[in-house]
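We call the chains A, B, C and D, going by the order they appear; numbering starts again at 1 in every chain.
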């Protein structure tokens, strides 16, 4: 079953998946709209400040004289791009390590996995904060993405490994070996199709993870705020005491959108897991021992 | 399903537990067990004090300073009020009279008050003063060791109430060391410290107090300190002004701005040190009892501190005056005032803060010179000064703020400042071109053909208004075609500032006494003798690392005239004219602090109408407000 | 019978005649309705099956895997969870009067009956013991509430029972993973028999164990059955096992019963072609290597072939077989066959 | 028993590796920090007051030797490891001469208390409800809980904390939003203080719990929905073992094992949460301490806190790992 077909099925039959697609769809549309934004994203005092949501400004305006809606579109775009970048890079790491250690086993596996567990266990937030203070203004959006993907591969590598381990015992692997395929071929031709779904769901979770950290870091002012992101918006809102000043729309809408994103991504991951976990499927098929 | 039900019982139980402990609203602000109407709760902007149990202020940064220690427990010879003072700007505190210098300023005599006692009943005498100086000279790494060691040759004590300082070299400002402007050399209790073998490792807990209050209790986690009025408060220097109102003072970590506002709305925080303008507005809107230094807009107290765009004049690009001026002419101060303070800024075109006595002394008298002032763009001469900008800001705000905005021009000048340079992109372009810069398409190239990019360093969260001013200026430069970027330094600012690791920076290199016209407080450190070579750390406060022979001449002359000598004003004006021509920093506005005071329990706070003291609660000078505070009703 | 066990057969058992059935199944239909991500399927796992298990007999149910044996046992034991559904038919237990089977009996009844009157030896008994509990607690969980005994009394009873089963008492303190497969199997049999139930359903009790163990496991079932006079429904594809144990034998194919009769009768003179195939493939007890001879595999029950479900593989298939479902015809006492090809007269 | 020893040895080795890598990472990064503690101190000492330039230079010289920022990198590295070994991180630079150890010791109880309580509640509640939801799959209320869990689980700590802050600090101000206890209460085991501590810890704990709950809930739910299909559960049901017994001793008990190892994996993340939460709620724990230390460029303190957190998190993991066999008798064979 190819990933595409799986997705089609999920879309048709899984409520979570549909919900996720809808939520993310909205978010994606927002992000896309950013290209139509009438205001340069970094400029302040381009509109009247502190205007509550109205026909002119759907989500109101900030105390910095920015239109929340248009600011949000750019912020969402950057935040999503960030998450995707991190996910993509860390995917490469976790795939390579997961496949190799899962398939090779032996001491390679042991070494890789203990390294892996180390990265899972170490509390990353202190490290990230240190990184920020080392990098200062060279801690750009891209730099942060790089660092986070370097830190964020471990958990998923473990998952992928476990999948491969189970695949190894299936006979097609054996036949593959007998028919003299190389490790690479077996991994690519035989295992990839089975690994893809889990990669998909871990990607969703990983995007969540990285966006979560990005938001947190930038809200605390630990990132380069020349790139507007959702965290950055909330950061500026706090800087202007938006909460107590009653400019609730400046915090409410970014939070709402970011929550939509999180829940959306998570739903996708969840439904995919439901789908690929053979046992849960099996137990659906025949509620009990068949 | 039984089990489900039971599980919900569990959940419910936990929820219940939460609510029971939650009980009535009680944030940290309210000391549960002190008479609230006898307690004044102030914010200590230091936040949480990690080393809470350390009170030895003479060891550098070992513990807290503004947790009440320097405000109400310590004392020294003189105070200069940044405002007008209770009876005059100058106050003889532990000293009985002003400092007495000999003709060549190589000797200073201080006469001390009698009948001042430490909180443990020991009398304060010249011996304490001498011990303070000797101990710090002896131990190199104490807070004031260096300046004392550099100045003091020897001391004499003709009688227990007189100290004679023999100086190593002439210094007409030696007394400044013992004159409180925020802080000064605090006097040590000889009878306590002489018993400890290493004064650097001594925590001085619990502190013996020379001020009107003694430590009552403190939080080992460093979030609050509570001080209690001494029964023998008459035997302290503050006693001259009558009994202080509050019996208890609580200096607390009030958390981030939002929480401070919330706390004061709940009347659990009487004095907020500073909040974002919006916070102040919210308070003014929602809490009838809260007000700022100005009863209405712009609320904030202008500190005698001049916020400016500081160039790193050792950076090739900014060595050229034309470039500095060009960048100045690209700033629309009105927009900056809006962006940073929402208009609640007091602007200044010249190199002294528009606060305290300075507007009468400097800004006012120099208006005519400024109006006439010309700069040559190479193509033409222009008069950059626009005296009406303060006025314009007022008009701009009037629609939204209504009658809060004064109409009397004098009031407007006091509130929003007088004039500033009017934006003139044309002139800027001419100046840049004369400096060898070239405009390609929409962006500028430096003389050596690189794209003209300027990083503007701001501290960030710690000083939000400056961060905002910075981002507005960046925007204005960007729109002119300069590749300008904001650079938030957060905690690294002090290091980068002294290392000269910046192109431009929003900070301050001008601080004055405020109440007194003498400028030596900051100006002396601008002398070229102190400018560090690129790369090596620059001592405060000449962060712009700017040196100029004319400036050196002015500084040397100031050193040779007495503190109160009116000649000082003339020299001050010369300095102002010089920096106006040279523009080593672009002065923007005074550092206005949104100190919010709540009158639910206390009245009689200092204010623009009754400017007898500085309400900003981390200043040593803020102690004077205590004697004027009266319990409400 | 000098066993310390307090349990004697219940009043119901008392007044019923010796030959009266312990359970009689009437036209039972049990289907799977699955819908996984849109793939809708209706599997006719058990389709119109009728038979009875009499008192004090071992009734064998034979047929290759996928014939619906397991589903049948599930319905009998009341393990009917979606997607499995009882579409029609009745199951009458002697000890559970007035109900149509466990799946529709009131819960208190069900828990009264289970293990006390009806116990179960599950397929793959390797994994039927909770891996993180000691064997003793399994015995307590399963049997304690049924035998009105003090903890100590119960303990003694369990030990006595184990002894009768030639099991060391120290298995009680072991964890399942510490025991060999055969050991676990025998323990599960001990577990199934400790309450001396009227009916024991044994589903492939010997598939997962090696030949040696098989032998004494079978012996064990036989002896405890004889000793307790209870009935056993023995479900396995292994004709050898049936030859060794079963009194009567029912052959299932593709969800239907195709032949039924005394074991020796059927083993000696199988009528239904499918039965013949099974027998011919019988080599010796314990051997369950893939059968040769008959090609093709059991039909897909999602859409079974019309008429006789065996006809695609049947050497004797005729037109009628493709159209109609063959009815049972009687071939001497207790012997019935559902096939058009074999008539009572026809003697091969 | 030998099996157990091997198992233990493996776990312990992993523990050492984690600590080693983690601490080195921290050390390297910290060393690269641009902040110069000397300048930081001087800036603090002179930011407001009067001070003459020559004086500053003198101050700079004396501070440098006072702080002992001397020696080659290698020397410093070795010194550092000796300090880790002896758990003595020398004096804090931002609170000189107070030892870093003292500062951490002051903050640690708060964080540990907060974490222990919230983690316990989260783990217990999440697994309880999740297990029930997996067992009684038809229960409406539990389905609803599942949806809530899905909604809350992916949201980062900061957002949840912020929302709680807004709700309980501002919209409906019934709970203290900052500090660890009310003012002017002597610390100690007296009802007033403990009560106040409890009250102040509600919001921080709640934010940790709300975020954490979902993960355990969902994990446990799917685990249980698999385990109910296991032979030994089905068999027990067919044997008519009481549902309660099946639920607790068969389903929950067995599903809990993987969750327990999951807890070990999660500790690091939970600690991150604590840092953020402490910062949002001004809670006097190590998280807040760390942030302050980083701002102040206090090498000693930053290293101390980071090392301490890495070590204690790994210890937590180790404890879970080595106590695991007590729960799962099979582990010795692994």
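Quick notes
FYI, contacts are C-beta pairs under 8 Å (C-beta built on N, C-alpha and C of every residue); 3 or more make two chains touch, one makes a residue touch a chain.
Small disclaimer: the values here were computed from a predicted structure and weren't measured.
Looking at A-D and B-D side by side, the one with more C-beta contacts is B-D. Centrality annotation: D (chain centre taken as mean Cα position, compared with the mean over all protein Cα atoms). Centroid to centroid, with C-alpha atoms defining each point, chain A and chain C lie 52 Å apart. Spacing of chain A relative to chain D, judged by their CA centroids, is 23 angstrom.
Rounded to a whole number, the gap between the C-alpha centres of chain B and chain D is 38 angstrom. Centroid to centroid, with C-alpha atoms defining each point, chain C and chain D lie 55 Å apart.
The multi-chain contact residues of chain C, meaning those touching 2 or more other chains, are 79, 122.
In chain B, the residues that reach two or more other chains under the touch definition are 256, 258, 262, 490-492. Shown for chain D are the residues in touch with two or more other chains, namely 34-35, 170, 231, 234, 294.
Per the touch definition, chain C reaches chain D in the complex via residues 77-79, 110-111, 113-115, 119-120, 122, 124, 127-133, 137, 141-142, 145, 175, 177, 191.
Interface of chain A with chain B (complex): residues 42-45, 49, 63-64, 133, 136-137, 221-222, 224-226, 238-247. Contact residues on chain D toward chain A in their complex (touch as defined above): 13-14, 17-18, 21-22, 25-26, 29-30, 32-35, 150-151, 153-159, 162-163, 166, 170, 218, 222, 225-226, 228-229, 231, 234, 264-265, 267-269, 271-272, 275-276, 279, 290-291, 294, 302, 305-306, 309-310, 313-314, 317. Across the interface of their complex, chain D is touched by residues 1-4, 7-8, 10-11, 14, 18, 21-34, 47-48, 50-52, 54, 59-63, 140-141, 143, 145-147, 149-150, 176-177, 179, 181-184, 200-201, 217, 219-224, 226, 250, 252-256, 258-259, 262, 266, 490-492, 494-499, 501, 511, 521, 524-525, 527, 529-530, 537, 539-540, 542, 619 of chain B.
Against chain D, in their complex, chain A makes its touches with residues 16, 114-115, 117-118, 120-127, 129-131, 133-134, 136, 155, 208, 211-213, 215-216, 219-220, 234, 243-244, 251, 255, 258-259, 262-263, 265-267, 270, 273-274, 277, 279-280, 282-283, 287-289.
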